[in-house]
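The following blocks contain the structures, represented as structure tokens.
The two complexes that follow have subunit A in common; it is paired with subunit B in the first and with subunit C in the second.
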Partner chain A sequence: MLKVLAKSELGQFLDKLKQEFRVVAPVRRQYGKKERVEYHPVENSEEIILDSQPDTPPKKFFLPQNERLGDELEGETDLEEGEKETLIFGVRSCDLKAVEILKPVFLDDDFTDTYFQKKLEKTVMFGLGCSSRQENCFCDSLEINPLEGKNVPVNMYDDGEKIWFAVRDKELEKFFADLPDGDAEELEEKKGKWQEEFEKTAITLDLPLPFPELKTFEAPFWHKVSANCLGCGVCTYYCPTCFCFGFFWEKHPEGIDRWRTWDSCMFPLFTKHGGGHNPRETQKQRTRQRIMHKFSYHPQNFDGVPACSGCGRCISQCPVNIDLRVILRTVEKYLKEEEGVKSSG
Partner chain B sequence: MDKYLLPHKAEVMKITQETGSNLNIKTFRIRLLEEEARKKFNFYPGQFVELTVFGVGEAPFGFASSPTRDDYFDVSVKETGLVTEAMHNLEEGDEIGVRGPFGNHFPYEEIRGKNLVFLAGGIGLAPLRSLIEYVLDEEKREEYGRVQMLLAFRSPEDMLYKYDFPRWEKSPDTLVKYTIDEECEGWVHCVGYPHDLLHDELDLNQPDTVFFTCGPPIMIKAITDELKSSGIDPSSIVTTLEMKMSCGLGKCGRCNIGSYYVCKDGPVFDLKQMEKMPPEF
Partner chain C sequence: METNYSEISKKIQEISRKLLEEGRVDRVIGFERGEFTGEMTPVLVTDPEEAENLLFNPECEMMLAKYLLDYGGSTTGIVAKPCDTRAITVYLAEELIKRDEIVIIGINDCQGLEENEACDECGVRNPVVADEEIGQPRQEPVETDIKDDLKDMSLGERFAYFQEEFSRCIRCYACREACFVCSCEECFVDSNQPQWVGFSVGLRDNFTFHLMRAMHMAGRCINCGACELACPEAINMRALTRNLYRVAQEVYEFEPGLDPEEKTLFATYRLNDSEQGFLD
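Then we have the complex of A and B:
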């Protein structure tokens, strides 16, 4: 089913969805002086921003930055009964892929994370095909199609005037029944143009995945690529796939709550032992850990898939302009040279 | 629903002060309070638990007792930080939280019929004690070959499990040796580091021997180097590693060495596996 909606009628359409779902979409949010476009429950359809990538990914709906796990003396927190399903409106391919990357980590057979699982089960995502490249993104270099969201019941396209809905789920068709049909050929033509733009601006990465662990670990370039890193951890906090976490506790008159909170491999205390020893004492070691986790360890453990979806947020947000693409190029170049030395030597 | 992220309530049954003035090590005997949880709580030598001091925090500890004592387990705790300090302030009868058991275990089945050598340094003896007690258990003893141990401590003041030693020494076909770092008055056993002593003090020329070592990282390194250079197969040299571990589920991201998560893929590794890891430990 292919349907179109004039953007001016988005409000009415969302009202229909809101009857059944808690609708969240990218809106502008103010944090002190800082402004960010984030997924947030929508009040007014005019505030929805679909023409640029949201500053933060929808990861927080599955793995909240701070999440109360329960009272240590009384037991776990349950999701409130009768709570509406969340509909995340307009999730781009990179962020959809990121959720796919998180799934096997938290839904593994050994230790299924029921907190993550319950939230995922109560969430529906509408994909949003990108019509233009964002400042720093490179999902297409990681075999992700920026136009076609995977594993979503509905994929949307925004051509500036109209929103196109490719509806792939029969159960959701009722919401779209009143909308006019879209002309498939017209959409294909638009997508062809967008695709062309992506191809023109693509960077080619020829990454050997997973990165060969020992060869890359000992390489001399880590010092150079991490030299100006401040260790602020912004890259990991904006990342749609970073999932490192820690616990903290809050005492209250009735008991003690255990919370889970995002943590970061970029922080020096992250790995420090109680006895004082720290296996990742320097920023170089920590930068290496972040890159190697994403491109060597994660693909080794999860069917060759890197823990990066090329959204480029770490690049956009880094206060000292560290560019993941440059680091990946550096690794690629180093490994090629090493290979060359080996075959000629 | 299984609670991986929230602890079970348990009771501190007994606290044993292990060492004297030098190092503060106490051994805690712990028993889960709920019968249902206690029934499901099956651990193997080499695994670990996450213990919560309510309102303070959580830390990982290796099992120091044999699973053949089924009602309780022991952990030995050296006072080094916030959680361990709070543990040392606990009293018998206090409640604590328990998550686990986590991690892999010593290959207690694969080593049936083999000769065993244990090389321990300080509190590194704690996780080995779980396996030692298992193989020396009267019901299990005949399933294993000769057992030899070289137990190293900084000084006589730093010894732990002294009350176990007479029983271990009396176990059939078992040799127990002790060493301290420096000569001191009244000491009748060996003096020196275990990697220097092991050839003289133990009989290493028996076929089919598996070596287990745990202690400070520098001791593990010296011993594994020494054993390897004596021609011992790296897959017969087994150790248990220590990293900062928080979730115990192979997810939270602290304890990995390369693609291995020490809390899930370990903490028990043989030298053959360790040689494939990046030199991060």
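Then we have the complex of A and C:
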């Protein structure tokens, strides 16, 4: 089913969806001098922004920065009964892929993270095909199609005037029944043009995945690529796939709450042992860990898939403009040279 | 006269190449333009051939002084805006770096940065200390005023203001890491015995972090604005530190980072010191 909606009628359309879902979409927010686009529950359809990548990923809906896991003595808390399903409206390919990357980590057969699972089960995402490259994104260098979100019941496109909906789920068709049909050829033509633009600006990465662990770990370039890293947690907190967390407990008059909260491998405390020793004492070691986790350890454990979807937020948000693409190119060049030395020797 | 940034960049390249070739420094810390982002980023140059990548322009917003702390025991050249030289001066006064281990390539007649509002409040337009100077020093003083928002706010208004600002904090600590004053070997945030700040991200712990950090800033913060530039959530934490800067200036006639021989504010005590306190 292919349907089209004039953007001016978006509000009415969302009202229909709101009857059944808690609708979340990228909206504009003004923070001091900075304008931001973030996923928020929609109050007014006019604040929805579909032509700009949200500054923060939708990760927070499955893995909130702070999450109460229940009372230490009484056990887990359940999601409140009767809570509406969340519909995230307009999730780009990078962020959809990021959820796919998180799934096997949290939904492993041997250990299922029920908190993540329950939230994911209560969420529906409408994909949004990108019509232009965003600030620093490079999903197409990681074999992700920016135009075609995977595993979503609806994929949308915004051509500036109309929103196109490719509806793949029978149960959701009722919401679209009143809308006029879209011309599949017209859409294909538009997609072809967008695709061309992506191809023109693509960066080729030829990464051997997973990165060979020892060889990459011991490579000489890590100090150089991490020398300007401040050691803050911005890249990890804005990353759609970084999932590390810590636990803490809080006592209050009624009991003891168990919480989990995001943690970051960029922080020294992340690995500091009780006895005082820290196996990752320097920023070089910590930066290396982040890259190695994403491109060596994760693909080793999960079918060769890197834990990066190329959204580029770590690059855009970095206070010193460190560029992951430059680091990946450095690794790529080093490994190729090493390979050359080996085969010629 | 218009500032010629390509001329400044050329001088930086020449000086850096010479310093590296002659073995006067082991490395130079400066700025280069990112290959894909097109944005300026701090870079460490060790090879004289790479000195040609060094650039300077009003986009070079990061403070470089803090990188010096990583390289004690060897020699480092540093491209320094006047604010960087003030940070270096604070480090020298606090004996965190050694003068003979650094070569300061100071930039005269700083015009301020494009994105940094703190530059409008800064009257120090020439390096405080330098080994190599680029351009002519500015002679005429710059009229500046610390735009202290807190000055005319009531306590209630201040509280409401900071509640709004700190509610956005995700505690990524970009402000701390970008701040040259935040150079403690172990930050109070990273201490878990005792634990000063809770791990949760919420108003209570966010307030604790920002207020405790501010308490360490008085008489050391030079109001450079690096914290705000680094903050991804656009939190105006300088409202706190700028207030402290103004109070130190007005009450104790103290401005940090102008004289490496001068003791820091908290290292001095006079019997007639005013007892006006924090956020009075």
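Everything that follows uses one rule, which is that the second predicted complex is superposed on the first by the 339 of 345 C-alpha atoms of A that agree within 3 Å, B and C clash if a C-alpha of one lies under 4 Å from a C-alpha of the other, contacts with A are read in each partner's own complex, and residues count from 1 in each chain.
As a working rule, a residue touches a chain if its C-beta (ideal position, glycine included) is under 8 Å from a C-beta of that chain, and two chains touch if they have at least 3 such contacts.
If you're wondering where the values come from, they're calculated on a predicted model, not measured in any experiment.
Trainee: For A:Phe267, select first, second, both or neither according to whether it touches subunit B, subunit C, the two together, or no partner.
Mentor: A:Phe267: touches subunit C, not subunit B.
Trainee: Using the touch definition from the top, say if A:Leu214 reaches subunit B (first), subunit C (second), both or neither.
Mentor: first
Trainee: Which holds for A:Val234: it touches subunit B only (first), subunit C only (second), both, or neither?
Mentor: Second partner only.
Trainee: Touching A:Asn301 in the superposition: subunit B (first), subunit C (second), both, neither?
Mentor: After superposition on chain A, A:Asn301 lies in contact with subunit B alone.
Trainee: So, A:Asn136: does it touch subunit B (first), subunit C (second), both, or neither?
Mentor: second
Trainee: Between subunit B (first) and subunit C (second), which does A:Gly246 come into contact with in this model arrangement: first, second, both, or neither?
Mentor: A:Gly246: touches subunit B and subunit C.
Trainee: Looking at the overlay, does A:Lys34 come into contact with subunit B only (first), subunit C only (second), both, or neither?
Mentor: second
Trainee: Show me the subunit A residues, by the header's touch rule, that subunit B contacts in one structure and subunit C contacts in the other.
Mentor: After superposing on chain A, subunit A residues 246, 272 contact both subunit B and subunit C.
Trainee: How about subunit A: which of its residues touch subunit B in the complex?
Mentor: Going through subunit A, the ones touching subunit B are 69-70, 72-73, 75-76, 105-106, 108, 110-111, 113-115, 210, 213-214, 217-218, 243-247, 249, 251, 256, 258, 260, 263, 265, 270-277, 279-280, 285, 289, 292-293, 296-297, 300-301.
Trainee: Going by the contact rule at the top, pick out the subunit A residues touching subunit C in the complex.
Mentor: My answer: residues 31-34, 36, 55, 65-66, 136, 203, 224, 227-228, 230-234, 237-238, 246, 248, 250, 259, 261-262, 264, 267-269, 272, 315, 317, 319-323, 325-326, 329.
Trainee: Please give the residue numbers of subunit B that touch subunit A in the complex, ascending.
Mentor: 1, 3-7, 9, 52, 54-59, 78, 80-84, 97, 217, 242-244, 246-247, 249-259, 264, 276, 278-281
Trainee: Spell out the residues on subunit C that touch subunit A in their complex, using ranges where they run on.
Mentor: For this pair, the touching residues of subunit C are 34-37, 39-44, 62, 66-67, 165, 168, 170-174, 176-178, 190, 192, 198-202, 229-236.
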